[in-house]
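Chain lettering (A, B, C and D) follows the sequence in which the chains are written, and residue indices restart at 1 in each chain.
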Amino acid sequence: MTIDLWYAAVGAVIVALSVFAFLTSKHLMKKLLAFNIMGSGVFLIMVGLPQHQHGVDPVPQALVLTGIVVAVSATALALVLLRRYVRAGGNPAP
Amino acid sequence: MTPILLIIPLAFAILTLLLPRHWVRAIIIPGLVLQVGAAVLLCMEIYQHGPQDYALGDWQAPLGISLIADGFSVTLLALTALIAALCAIYAQYFLTRYPREQRYFWPLFWFLLAALNGIWLAGDLFNLYVGLELLGLSAVGMVALTAEKTTLKAALDYLYAALFGSLAYLAGVALLYGAYGTLSIAQLSDMAAANPTTQVALALMTVGLLLKTAIFPLHYWLPPAHGGALAPVSALLSALVVKASFYILALLWLDVGALAVTVTAAQAMGALGAGAIFWGSWQAFQTRQIKMLVAYSTVAQLGYLMLLFPLAIGVSEAAAQLAWQGTILHLLAHAFAKAAMFLAVGTLVLALGHGRINDFGGVSQRNPVALFAFGLSAVSLMGLPPSGGFNAKWLLLQSAIASGQWHWFVVMIIGGLLTAAYVFRVFRVSFLQSAKHEIQDTHPALQLSALALALMAIALGFVSELPLSLMNLTDIAPATMGGTP
Amino acid sequence: MTALLPVFVLATSLITAVLIFILPERYYRLRVSLNLAAAVLKIVLVAVMIAGIANQVDYEFRYELLPGIDLVLRADALSMLFAGLSSVLWLFTTLYAIGYLEGAPNRSRFFGFFSLCVASTMGIALAGNLFTFLIFFELLTLSTYPLVVHRGTEESLRAGRTYLKYTLGGGAVLLVGVALMYGLVDQTGTMTEFAETGTLSALPSEQHFTLAVIFFVLIAGLGVKAALVPLHGWLPVAMVAPAPVSALLHAVAVVKAGAFGIVRVIYNIYGVEFAWQLGVLLPLAILASITIIWGSLRALQQVEMKKRLAYSTVSQVSYIALGACLFGPIGTIGGIVHLLHQGIMKVTLFFCAGNYAETLGIHKIKDLDGVGRRMPLTSIAFTLGAFGMIGVPPLAGFISKWYLGIGALDAGMGWVIGVLILSSMLNAGYFLPIVYRLWFKPKQGPWPDEHIKAARFETHGLLLWPTVATAVFSLAAGLFAAHAWSPLSWASLIAFREYLP
Amino acid sequence: MTLIMYLLHHIPLPLLVVFPLVLACCVRTDTARRRGWMLIAAPLPMLLAVLLWYAQGQPEFITEIPWLMLGLHWRFDNTLAPILLMTVLLWTVAGIYVWQQLRDNSADQQPHIARYIRCWLLTLSGNIGLLVAGDIASFYTLFALMTFAAFGLVIHTQTPNALFAGKVYILLAVIGEGLLLSGLIWGAAHAAAGELTPTAPLISSLPAAIAASANGVWIALLLFLGFGVKAGLAGLHWWLPLAHPVAPTPASAVLSGAMIKAGLVGWLLTLPLGDFAAGGNFANVASLAVILGLIGAFGAALMGVFAKKAKAVLAYSSVSQMGMITVMLGTGWLYDAAWEAILAAIVVFAVHHGFNKGVLFFGVGWVSALSGRAATLMLVFLLIPALNLIGVPFSSGEYAKDLFKHVIADLPVGLLYPIFSAGALATTALMARYFYLLRKH
């Protein structure tokens, strides 16, 4: 077991936990948090697994970087929508 | 040539974001003309010179972004440009009643186009991911435009589904890259073997994409989002956006993972499709709101697309070819027809001031063109001739016969009847003589753009050869995907 | 030119339909002139083609719709029979409808779909293969639905729903049959072309069972429109439509499309000889016979004029299917010629029913007492039509029955005579009382609802003259049956080309 | 004379038949009362033509129009010519009678004059036409025309009895037409076997075709029964005693005198008689004909003597007389060698019965119109046709019956001879009843 595989394994556990949280949480905010954690888990797998197989690789790094940007902007959009929704009288935890 | 199709929408997205309001209106038409023109030119180029690879900024894969324009992608590009153009024309008149929404509509619209074009042209799995995310975000933004409580809720549900789906997809990408060290679709399709890693990766990606495509039983987010959005938005979402994730799904199953998928899995996908057809139709038959009817109709029609998998996997080459052709035609026909239907319905709702189907009496006298557009698109959806929908159904039926899969044959026949059942609910009441409400006149452009799309759905029945022959120009597809390379 | 003529014929009504849809409601005169000009033009074109067919000219238009599947419009003798019928009746029905709908709302929609309906009929007539036939067959369903529900009342909407249930279901079954045909049998793409004597007989005997199954699937699909029992339920219900629509549905468009399709399948796909060998004709003949009797029995029970006529149609249309099942040229002639004869006779009857309803507000048979004096020409037309249906010479119906009867004996199916005679007697049973009321019963009280007063003529001229014209046709078709240009002679030509290739 | 000859040869027969139809089209409701002359004019051209034809020595005379109906083939038939002559004459006389009625003021009470005249002309056209029609289709056409148009004559008075009689008449007529059509089609199918265009075969080809057919018996039976309705065959005769009393007197006269013979003509034309019966197995049908004929001859007489109206008595008498003809026909059918002679007897009998029965019917009208001595004189005059019918010596009836009796005297028919002779008794009883009822009136 290399350290990279260990990262990947941890990433998998994180993904599993966050998927559970995403599916079971009622509150929309909690769901968003779960999504972010899930993202982190996926990124861990993404970096860990290829390096375990093929050695040091710049491509996953670049990919994860892009992924983080996407995840951040998605989170921002979700937050905006969530706030507007609550202001419009919506219940965040239906 | 190829990157222009990404540059144009992105440029206009930024322009419309920055320019003052009256300028925005002024550049809509030039932008559309450019976009359509570029798509058509690319089509012709591909038609004459065959598929092209293009490395963006001369950065080669894996770090660079490679764009692949083959017959399939240019067909979809052209489709996107056409439908988007008509929806934009419609939106221009439709949004005069929504000044605030108009401000945000156009940037989102162009981003959406850029995302779609990016997906059609993407040559590797990660670019697909980026395209999917951009697509999801702009689509959610468009759903949320009116910023009412219900639409915000719908947008949030949509967003969460899209995000979850994207991550599932990304996890699959990670596994595949881990296993094979490449993201290129062309390379993966040669390398991916039937081992657990590939299958798990495929399963993850499939779940994500099924969620994004709103395939039964993961369709819960679609009806509120599509049914609640503004008419031009609904049209774009139903016609194009859900097709993007299906496109990736088809790519995964028939190209990337062609060696790893099993017949049983394909049959299970088909079962989901059948479930979508029956459940979506039933819901459409039940609902009271016209826009929900159309949205559920999308759920049902997406089910036909899923039949591609059982019909094309594990069968003879001829049958697979038929299934593939039928699915392409269905995708195109549904895009035209559903866009037309949403636009027509939008006009009708605008005229009536409400969307209750049972109070549609008198519409046939005051808004005949819109109703006619609805009717023509319904013809295609029901799979009645002459229409693109019929040709698609015909090819799928032939494929089912060729591979002896009678259960799918029956599903498709019944599906057509179910479609008729819910579509004719609308006609039935529209022929009622007594108008219960004041019916307003609508701008002719609204009616005519819907009619134009509907006519395209019908015309597709006569020019099916064109997309099908374009389809054959492919270098990324193996035999199962499109015949002679 | 020979390739484009079928397209032109189709286009005359298709383009008219589009133009009428575009024209706003208020352009009454333009719409009428357009409609009539197109109808006359179509008759001329069809006449040209008929003359060409008689001289063995080949009119064919071919266009590839899907890989290996063509849209084929081809004129052969049989298609010209149907095309001639529908083009002539289009003119008269249009004239009638103009009079009938004077001042009614939604005329633009009505005439638009009316033309579309005729265009579909033309397409069915000219279809050169099963696929093309299917396309126009479904188009017919779509274009007739708005006509059935035209009045927009609850009742007509209910009728429309029933109509759709049957016809869309039938269309789906036909689609199954056609798809099976292409998928299982026709690997070369030539066996589903309509060809004289059919081409399927070349297939090996292992496939015969499949072929028989497909035959019945096709017949079940077509049988809905042809109103074969037990698939006839829509027909009497669809009677709520305006009279010209009923006339069109019953005489030319819908039921005929079904019957014509049955004839096409038997003669031009399977080939009658091969179908006979397969043993599929006898069951169909029995079904047709049951329909003939059942329709007549039900007609006897009806008290409403149009319903009675509707059940009469159920019965009469099956003569065509029956004739198609009789193996031998004479039976073929009988079936084919009845396609036309039934058309002109039934259109006459429906015109008359419409005249009674529009002029005097009479819908029930019991109110017809003494109408003969008030509306003599209409009543004469009705009498001619009714006697024709019974099969009294020298009207058109007699010629059909004569050939059917002799054809049945030729084919060794003598029992068919019994069916014919029994049906004739039942026809007499439900038509003669009406004729009796018209001429021999004294008038009972005022008319239910007199819209049109008797002036120079008994009713509106546009209602009267088409009726008289079709009545004269149904007399002439029988009286001059042996003439070289009669429907009978044309049917004989078709039969000879089928049996003596 | 040459001009007339020219016309006779070049004016096709159909025109003579269509002439009454044309006249019928010219009748209008408001002027119908003044159109009584049409009834006399209508049969005249045909009468003239027949007389001329006789004068020319009965040459072969055929009109063919191949494009009309299923190919028209009309001719004067030597055998049927006497019946044709009788029919035309009877219609002419009856026409005169109606014309007079219309001129009388009493006719004002009769409504529907126009309809009456039209139906009269249509029936007339059918009746004379079927006697010259030589192809099956047009024969059947004219037969049907006569049948359906006569309905208007039967119910003319519109009384409940007339309407009931009309109902029975039309019911039996439709059944008869059905039987007839099936028989004709069946026969024609055999006559046209092997032809690709079965334009209606000539009616003269039917007997041979039926004789040659394996199912000939059934075809013959269908035709026998189908025409039997019109000919008042026992069991199918019910309309006669109902229709005659209620129909106007001249209508009854032509119904009984002329139209009833149309059924007989049908038999003569279509059934495989004479040479065609040889070798065929038609004995059963022929025996049936004899039996039904006998039942008719005597049964009708039995019923007739209890009838309450003079015209009903005459109707029963018609059934009875037609029964005798049926017996003759059946006998001739059984013994094909004797057919020629019997045929002559049948034709003579038919003509004789037509004239005399016609006059007797007119008599009912005349007597009721007269009173006192004139009525008595009329009764005496009416004794002539009555005695004729009974067949007293030196009468036409005796001549007709003797023709037949001479033939069967040589045949092994057992009791038939005395029984047939006893028919005179039946007729006598009926005639007595007729005079009794007239006197009482």
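Following the convention adopted for this analysis, contacts are C-beta pairs under 8 Å (C-beta built on N, C-alpha and C of every residue); 3 or more make two chains touch, one makes a residue touch a chain.
Note that the coordinates shown come from a computational prediction; the quantities given were computed from them, not determined experimentally.
If each chain is reduced to the average of its C-alpha atoms, the one that sits nearest the average of all protein C-alpha atoms is C. Chain centres computed from CA atoms place D at the largest separation from chain B. If each chain is reduced to the centroid of its CA atoms, chain C and chain D end up 41 Å from each other.
Centre-to-centre spacing of chain B and chain D amounts to 83 Å, using the average Cα coordinate of each chain. Centroids built from CA atoms put chain D at 107 Å from chain A.
The mean-CA centres of chain A and chain B are about 27 angstrom from one another, to the nearest whole unit. Taken as a contact graph, the chains are arranged in an open line, each linked only to its neighbours along the path. Of all possible chain pairs, those that touch are A-B, B-C, C-D. On the side of chain B, the complex with chain A involves touching residues 62-63, 126, 129-130, 133, 136-137, 140-141, 144, 147-149, 152-153, 155-156, 159-160, 163-164, 166-167, 170-171, 173-175, 177-179, 181, 183.
Across the complex, chain C is touched by residues 325, 364-365, 368, 372, 375, 379, 384-386, 390-391, 394-395, 397-398, 401-402, 409, 413, 416-417, 420, 424, 427-429, 431-433, 461-462, 464-465, 468 of chain B. Across the complex, chain C meets chain B through its residues 21, 63-67, 69, 71, 105-106, 109, 134-136, 138-139, 141-142, 145-146, 149-153, 156-157, 160-161, 164, 168-169, 171-172, 175-176, 179-180, 182-184.
Per the touch definition, chain D reaches chain C in the complex via residues 29, 66-71, 115, 137-138, 140-141, 144, 148, 152, 155, 158, 166, 170, 174-175, 177-179, 181-182, 185-186, 188-190, 192-193, 196-200, 215.
In the complex of the two chains, the chain C residues touching chain D come out as 329-330, 373, 387, 391-394, 398-399, 401-403, 405-406, 409-410, 414, 417-418, 420-422, 424-425, 428-429, 432, 439-440, 442, 478-484, 486, 492, 496.
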